[in-house]
């Protein structure tokens, strides 16, 4: 079983960290993983994205031409990546910032208003962690528990307070994704 | 008909100019020629030599592994080049400075005391031209007349006085070679 | 109302790709204003570096030719030797001109190439992400000097412009800063003079411009400007470093 | 009678390959004498250049490692960083240290590498047959400056040592000459001090030695020495250029 | 009445605040809304009396992104 | 009697004449014969009174080819 | 040690330190800035030396110096910077000095871009510098292998007294994968070298040089090098074979391209195509023999490179016309997808009629 | 014009001036110092520019600048200096700038020596710099051809907007032969170039760059270069055939080595051996096709180089196993004699039983 996913957004949205947390957690669960950031040009500005592959087998290519899951954090990323999602795949979008309509019906779209959710949580910077929670829930590739454990190994969990906060962010993301999926199904 | 010859001596003995004059003269006589100096190391000092090839045909290699004629101006050159002379070839030696015995009997050895001859002529620096005269006479590859004409094209014939002097040097060399060859034959 | 400030003509209408508050942007404008004022747009050729300004041709509306990192002044020498009546300027960062390009910079100055060099000193390797530059200040952070530049370990800042003053062919060398409005005005004056030196065929001219890099300094732009003005000038004092133009003092 | 002058032990008994009257020969002896006197032969490593002194390992009886043309101070940096307790010196011509090696020279000085550099300024590219060097004097002949060096055409002589004085890591820089017995004595003193600076771990030290090249100057040795003493010192005056050793003045 | 006014190109502005810091009359402020590039652009206000700006051009002189035009009259 | 003397290694000497030029007592001269390397080496002479050299070492100090040894006593 | 999730550039740095490297000289250039950055702090921790040189030229010459002194020493750069090192690399080879040089290849020629590429293959394997010499070139394709081959690079450099090049690309440098590091080696425990510059104490003075003015002597030196290179070829040629047993077509690819090719092969295998991969791990010495041997049963090779075609020459040379050699290349930093490579594979596969049930194709003399 | 007896370095300089070159940037290095020396005075006479740069690195970058300005421009150096130019040459190729670069090859690697050698073949033909690019490489074997190929070099450079390398060696540079120079070309009469930097007067401003950050764009650029190189290969491949008609063995050699080989062939022909020579005049593009064609009748090739074996790879690649490829090389600056080459020729000739009366040898699959 191999899962490929892409995380995309603005430079400042913690996109790379989302991928790292995901890959790290999977590794700790005994999976093979690769994490491939698109590295910034020698020239300033622009967007960021990364590709994570999680697999029970040896991973051939760390590149994903048709990822199973895509997380888009802003509009330009939607434009660029929405069409790449493999049929049957899942597209998670940050509905706080992304407003365009998605025209595909062969994939599942999960909108999560992560900025608002993070704001409610009291820490705007946790938006990306909220999204990872949503991803875990929507796709099932990782358990929220495993993520919570792995958090401590990253910058997101160095201080106990921050760790606690981010653990809650994961829960919130997961909860929200559950709701969104329920809505999707019922729609 | 192809003739290969090597001129060898100290750096200061005008060795390269001998070769140049020889090659130039042959070229003016409609021959194909190559002139190849051994160029000094990046490091100071040492000896100089050059290879001249004169031919009616296209010249293949400008290198002579067994030259028909060799001119040696000092002892180190004798040691290095005497054995290379092709059987039946001619070895001209500057007997003013070179004293070793030559042990080959398959070649003709022509000793010319060029330093003394030049000194008599009143211009020590003409020693190399004396030797070219001797070479022309001993080998017959070039006529003294042709050499005299070509002199004017070189640094050896820029001023009328010097030109005249060097023309005489050619004659003296030729004359001396004639005598040496006669002696060789009679011996 | 009359428009009394607008973009110079020698700049293309493209938005700069530089970070918010980047000194490069200001310096670009100043160079373009000078080109406008001297009326030399049609015979000016720019040589941008490898550095944050590598895309300068997207902005300067003059002919431009790319130089390998550090070699702008050699490339400019080639250009100027062919195009004697043209105006050639290089635009180089501190890493470009004062590290990898040290030899080419010093020798172009020494030969007295009739070239104008704009040397943007931002104390960092902006383009590659904030490594130590030859001009990084003692104690200043960078991604290759853990704990900040330690003079004993990493060497001290290098004042290339002062070294160039020893080069006989350099005619006019001035250090300016764009960290204050006053500094910006002075910078422009210096840049104009450096172009004038070339137009008059006097020799090599260079303007070193202290220029904030908020991104790699990890400061907000206003703080970066203040830091440039207060701290950088301690090690790199602004002012004329060499002037044998013989122009009247103004 | 007592022998009061003989060859230093740190020289091998080989005959120099240098031309008659070549300054390199004298400078070799001085360096070797200093190594003897400081008792450091067994922990000294020399880095000869590409230049007439390329074969210096035939003479210095110390470990030596060859550097590509101009890069001796970079190679020496690598050596010294590993062998911190050893004494590393470079021996470089003017072309080597001040043309192709400009960047490596200036930055080694600036980093304050604890290295001693012997810079032999003979105003010419000796090894390659007398082309213009960065230090060729105005009007002086060379095989690449028809009619002699023309400053307007070929640039002016470059004073690298003075430039190096601007480099913060340089501690002791002196220019000497071996064109007179007095000069030779002074030269030795300077060379000794430059090694002492390294032994004391103070930083970068360099001695520039004005050195006759009779062959490429096309002068007989005696004339070449006089010319060095009279003419070269006009452009390259001998004396201390920088000294922050804090040693007692002597 | 105002001696001058400025026009800030909202989309060119990168929100560096340098103009804000140099305006002697404090008539520039950072807006609360994002522009399309994601920056909080600077905004000009004539001040309470509508006469804030004296057309000194310091803001434009400083603005890295040439986002400011200055008018006098 | 002489305070000093020098020994010139004929085969090391390259005939540059520098020693000749620096000797304050003029007790060195260029020889008229060639050495093996083809140079006219310098030669020492104690002078007419056999007391030329004062062992000042200037010649040896100057000699590029370390061809001179100086003795005092 | 527990596995670590680490980016390639850091893996490289960490592996070097653990392999006993205590000297790093380098100059920034994207996409390998993380190497000097990592080294600048890591060397501080282990008491090593990090020098940010004024240029790549200075870096490689500092490497020469440190190597002369007997240290395990490394530099890294990317394409244009490696070009600037060519004189120095030629010297390293001529002086027979061990050193590890890392090229995180980017798009070229000229300034090009910073995307992953494999277009410096010629430069690496043929020697971009002057003279008859070879550098050993290692091409890892994963973070773990990057770690392992970095260890190997230092060993080979010391064993053969020769520069060793590690070829990566921006993708290798940025990619994170789990890595298990070997235990660190104490530099002091490494075998002593008897040829270094260490001061002439109790032994005659030594010289390390490449200037051999006498052509005969330089020729001997050259032949000595040739013998060394022959030994390296014999002993150290290394490659991976992947699904070769029943393969009718074999893809030849290295590094990042090999990763992508594996993905492609997985896809086409699902479609029933019998395709395998031969992945050179040493680019020089190139695995000529295994390739030649392959041609006894495999008639079709597809060389896949992230370049306009460089290694393909080595493949052609190896097979001597005994197999069709096709080429698919994407230069300029484009990262091809497994899908497009799969498309190329099947295109040639069907074209030559290699499908099950088809007769084994005739021997093709020509090379496409 | 009357023939002149002139040394190779001067021929090169004179030919460049007559071909319209008015800009020379260079740095001394033996054995090519006579080139800058000649240029320094000749440029003065013709109102051109001679700059003795501070290094080869500076030289090649000055060349870049002058080429951008549209001038015919040249630099020359020898092996180590050419290594230092590799970054610049890669830029020239990437920027598509015409320029002529002369390498008077000496013994290597490292400082090596100053004797004639051919050990920079790989560097020249494979691109010692980074990225997918090619330089056109011309290899004259006589002073007259040096003159002619120098003219051609400038023409090719302009025609293809590509750097052209002239490969000589110390022997070519020092050797004097009679030369007849073509009439000089007035630089002003050369076709105008429509891409140069000349000031944006009456036209939009221009930029000459190689930075193409978007991989797709750089890929397009790379493919454009590939098409150009294909055109050069089609149009400009050049070689000499010498006594091939009845040849049973063919020697492949270029430049100085080819001269020596001709001497050797003359000798063995006298002994009745049917041996010919194929001499590449363009090393890149390499005359692959004529070599391949030859293998229809010739079964034995002897590659002779003054190196440890570099061009031999191109020969092997060209013949695809259809002929035995033997190699004889003398690296390090040794100038082989015609006699010893003749010895090698006859050794292989007899070994394969190619003598008259012997049956034509069987096809040998293997390559020695």
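Letters A, B, C, D, E, F, G and H name the chains as they come in the text, with residue numbers starting at 1 for each one.
The working rule: a residue touches a chain if its C-beta (ideal position, glycine included) is under 8 Å from a C-beta of that chain, and two chains touch if they have at least 3 such contacts.
What you are looking at is a predicted structure, and each value in this text was computed from that prediction instead of being measured.
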Co-neighbours of chain F and chain D - touch as defined: none
Minimum number of chain-to-chain contact steps, chain C to chain G: 1
Number of steps on the shortest touching-chain route linking chain D and chain H: 1
Inter-chain centre distance, chain B versus chain E - centres from mean C-alpha coordinates, in Å: 90
Mean-CA-position distance for chain D and chain A (Å): 64
Centre distance in Å when chain D and chain E are each reduced to the mean of their C-alpha atoms: 60
Residues of chain D engaged with two or more neighbouring chains: 18-19, 54-55, 66, 68, 99-100, 102-103, 107, 111, 127-128, 134, 154
Chain B: positions in contact with at least two other chains: 41-43
Chain E residues counted as touching two or more neighbouring chains: none
Residues of chain H defined as touching chain C within the complex: 23, 25, 49, 51, 53-55, 57-59, 61-71, 73, 87-88, 91, 95, 197-202, 205-211
Complex contacts: residues of chain A adjacent to chain G: 20, 23-24, 27, 32-37, 39, 41-42, 60-63, 65-66
Chain H residues touching chain B - in the complex, by the definition given at the top: 3, 5, 30-31, 113-114, 170-171, 174-178, 259-260, 262-266, 335, 337-340
Residue ranges of chain F in contact with chain D within the complex: 4-5, 12, 14-18, 20-22, 39, 55, 57-58, 60-62, 64-66, 68-73
Chain H - residues contacting chain D, complex: 27-30, 33, 36-37, 40-41, 44, 50, 52, 54-57, 80, 110-111
